[in-house]
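Next, two complexes with chain A in common: one pairs it with chain B, the other with chain C.
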Partner chain A sequence: MAVDERIVTEAVAGLELKGNEEGLIPAFGLYLTKHFADYYNRISYGLLGAFIRELPELEEDAIALLTEAGHVCSFHTFGGIMVSVEWDAVVMPMIETREDWVKGMIGVVNALGWGRYRLQELVPNERLVLQMSDSYEAAGVLEGYGKAAHPRCYLASGGAAGLMNLLYQGDITKRPPLTDELYHEVFGHPRSFRARETRCLAMGDSHCEIIVERQHA
Partner chain B sequence: MKEVAPTFDIAFNVERGIIELGGRRVVAHCNHYNVYLQRTIEDGLKERAPRLLVAAGMEAARNLLSGVETAAPANSAKESLERAVRIFAEHGFGAFDIAKMGHRGGVATMLRSHYAIGWLSRWGVRSTPGCYFPAGYLAGAVAVAAKVGPERVTATETECHAAGAEHCSFLVEVW
Partner chain C sequence: MAELDEPNPEINQARGALCYGDTIDVFHIGRIKVVQRYACIRRDQFEWTADGPFPPSFREYLAQRGSIRGSAVLYILDIPEKFQLTVAPNAGRAVFVPRLSTELEWQKKVVIEIVSALDEFVRIV
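Then we have the complex of A and B:
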């Protein structure tokens, strides 16, 4: 049975995750929030804008920091989801190959409100190409700052790289503990995966496109 | 009978992968990302970071809560604030106690702030209060409930669980 992303998306959306009596959402081994895209966009592009205006030589460093936040996000959120009982119940029965883990995770992501992700290409252990429509980052740039000269989906890029790293570098299928040590081992490896955004809604493209490959082939 | 705040509707568009409340995008993220991104902003902007983080929280809250008000107007400022607090809690940020706060300001407290416990678990105790988003959210909620401009409301976290206090406390002032 192949992974049906739509079934996964609808199952995750149907979990009805909402705050408990403490106003917290403990799920997948972490605390979730259903946050406001406006907030993320304002603080992320506020930081980037400050660097561009005042320290333009450090623009790439600011982008690297925002992308690194995406790596952290994917390691804990995607990783936490992929070792969760919910994953076992909904996705695992459909998984036949390691690559199905990517498809299952795309189904999950499509329930997170980040926009619609579609798998364009997956070369095992080598390359991932994702297409995104309605990226909340790109939409926020267009709304708040106008058309961009460069791609702006840093969370999505970091997340996509993290997905490949979890699967082919950290072997999440063996359910390792998601410790800081594992994070540094996986993302600090010289052959770990990194992403580049080649199309972006914020630049006027019809959709965003992210390519993930190993740093040193 | 206890007054019940009006409802709010979250819309999920499965075709577009979009969740909306009050016409604004809602996106799921975990404590690790939230506090990591906040620290990135604080490290990058230093003393200017709190202003950006609180202002962004206020703007995001005003955008969203204004949309909620438009869709289902509250009968009173009190109802509007109660709904804002419920939205905050249902979205996983923590449970505000606003017994000592109204649309003219006051003090709100929170025992288990998402940002505070997230910060503590990842980075340990802070030297300064760190719940910027909750502070901004409170300011935005009060501005919407009181129907006043954002420039007339300030919210400051005076005690923070992440900085060693038992709970987080926020002073909201309206002028």
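Then we have the complex of A and C:
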């Protein structure tokens, strides 16, 4: 049986991921929290806006920082999910190929309220194209700042690159410990994956599109 | 020295050097392997695995400790103020996450108690 994203999404949604009396959601081997998207957006785009106003020569560095947050987030969050008890129970029984890990992860993400992800293209070990509808980052930019001149989904882009790096660079299928050393080894590799957003709701596009490919050494 | 004057470096010295996810201990209770990992200064996470699926009798045993939610392939025992146990029975795998309000010694004691029961159920099967 190949991975059916819908079944994964329904199973994760059925877990009733809600905060306990500590305000935490222990799930996927992680401590999750429910967080206001507007709050994250305000911090992210407030930071970027401050750079653009005060230190415009460092705008690209600010974008790199926000994208790096996505790399780190995906390494621990996606990585943690893919070695978790929940993954073993819900997704693993459907996995037949390495590419099914990507489909399974998209099924999980679609239960988390980040927007609607759709796998448009996956060339093994080479290229991933994701479509996102209602990205909370793009929606936050539109709501708070108006139409953007550039794509703005930095966390999602970093996350998409991280997914490919986990699978084809770090081989998450072997369940390596998700250490800082592994992070630097995987993401610091000259041929590791990086993402670029080619369409963005914040720019007036109907949806966001992220393309992930290997860097050239 | 007045209270809260200076932090005492000897307190929690050993645990303070650990990072999230670091393995503290690996031990077996019968046929069950238990991995104890550092979560924070006041709690550890415990993961246990068996060579085969957990028997249905284990779920029935857990149900006596509190209400269980989830499905046949993935269920959760959540006891407020105490712990959460997430179980993938077919994969023979479970994760125990204690609450911060519990003591480290208590956390390990409960794990040993539950895993010992599981080992008995596995032996019967």
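The rule is simple: the second predicted complex is superposed on the first by the 216 of 217 C-alpha atoms of A that agree within 3 Å, B and C clash if a C-alpha of one lies under 4 Å from a C-alpha of the other, contacts with A are read in each partner's own complex, and residues count from 1 in each chain.
The rule is simple: a residue touches a chain if its C-beta (ideal position, glycine included) is under 8 Å from a C-beta of that chain, and two chains touch if they have at least 3 such contacts.
Remember, it's a predicted structure, so these values are computed and weren't measured experimentally.
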| item | value |
| --- | --- |
| Fit-or-clash call for chain B and chain C when the two complexes are aligned on chain A | fit |
| Chain B versus chain C as contact partner of A:13, first or second or both or neither | first |
| First, second, both or neither for A:92, with chain B first and chain C second | second |
| Which of chain B and chain C A:51 touches, first, second, both or neither | first |
| Contacts of A:177 with chain B and chain C, given as first, second, both or neither | second |
| Touched partner set for A:21, first chain B, second chain C, both or neither | both |
| Partner touching more residues of chain A, whether chain B or chain C | B |
| Overlay on chain A, chain C to chain B nearest C-alpha distance, Å | 6 |
| Those residues of chain A which chain B touches in one complex and chain C touches in the other | 21-22, 31 |
| Residue ranges of chain C in contact with chain A within the complex | 19, 21, 39, 45, 47, 69-71, 73-74, 76, 78, 80-81, 84, 86-91, 93-95, 97, 99-100 |
| Chain A-touching residues of chain B, taken from the complex the two chains share | 10, 12, 14-19, 24-34, 36-38, 40-41, 43-45, 48, 52-53, 55-57, 59-61, 63-64, 88-96, 110-112, 114, 117-118, 133 |
| Residues of chain A touching chain B in the complex | 6, 9-10, 13, 17-19, 21-25, 28, 30-40, 42-44, 46-47, 50-51, 62, 65-66, 68-70, 72-73, 75-77, 80, 109-117, 133-134, 136, 139-140, 155 |
| List of chain A residues in touch with chain C within their complex | 11, 14-16, 20-22, 26-27, 29, 31, 84-86, 88-90, 92-93, 177-180 |
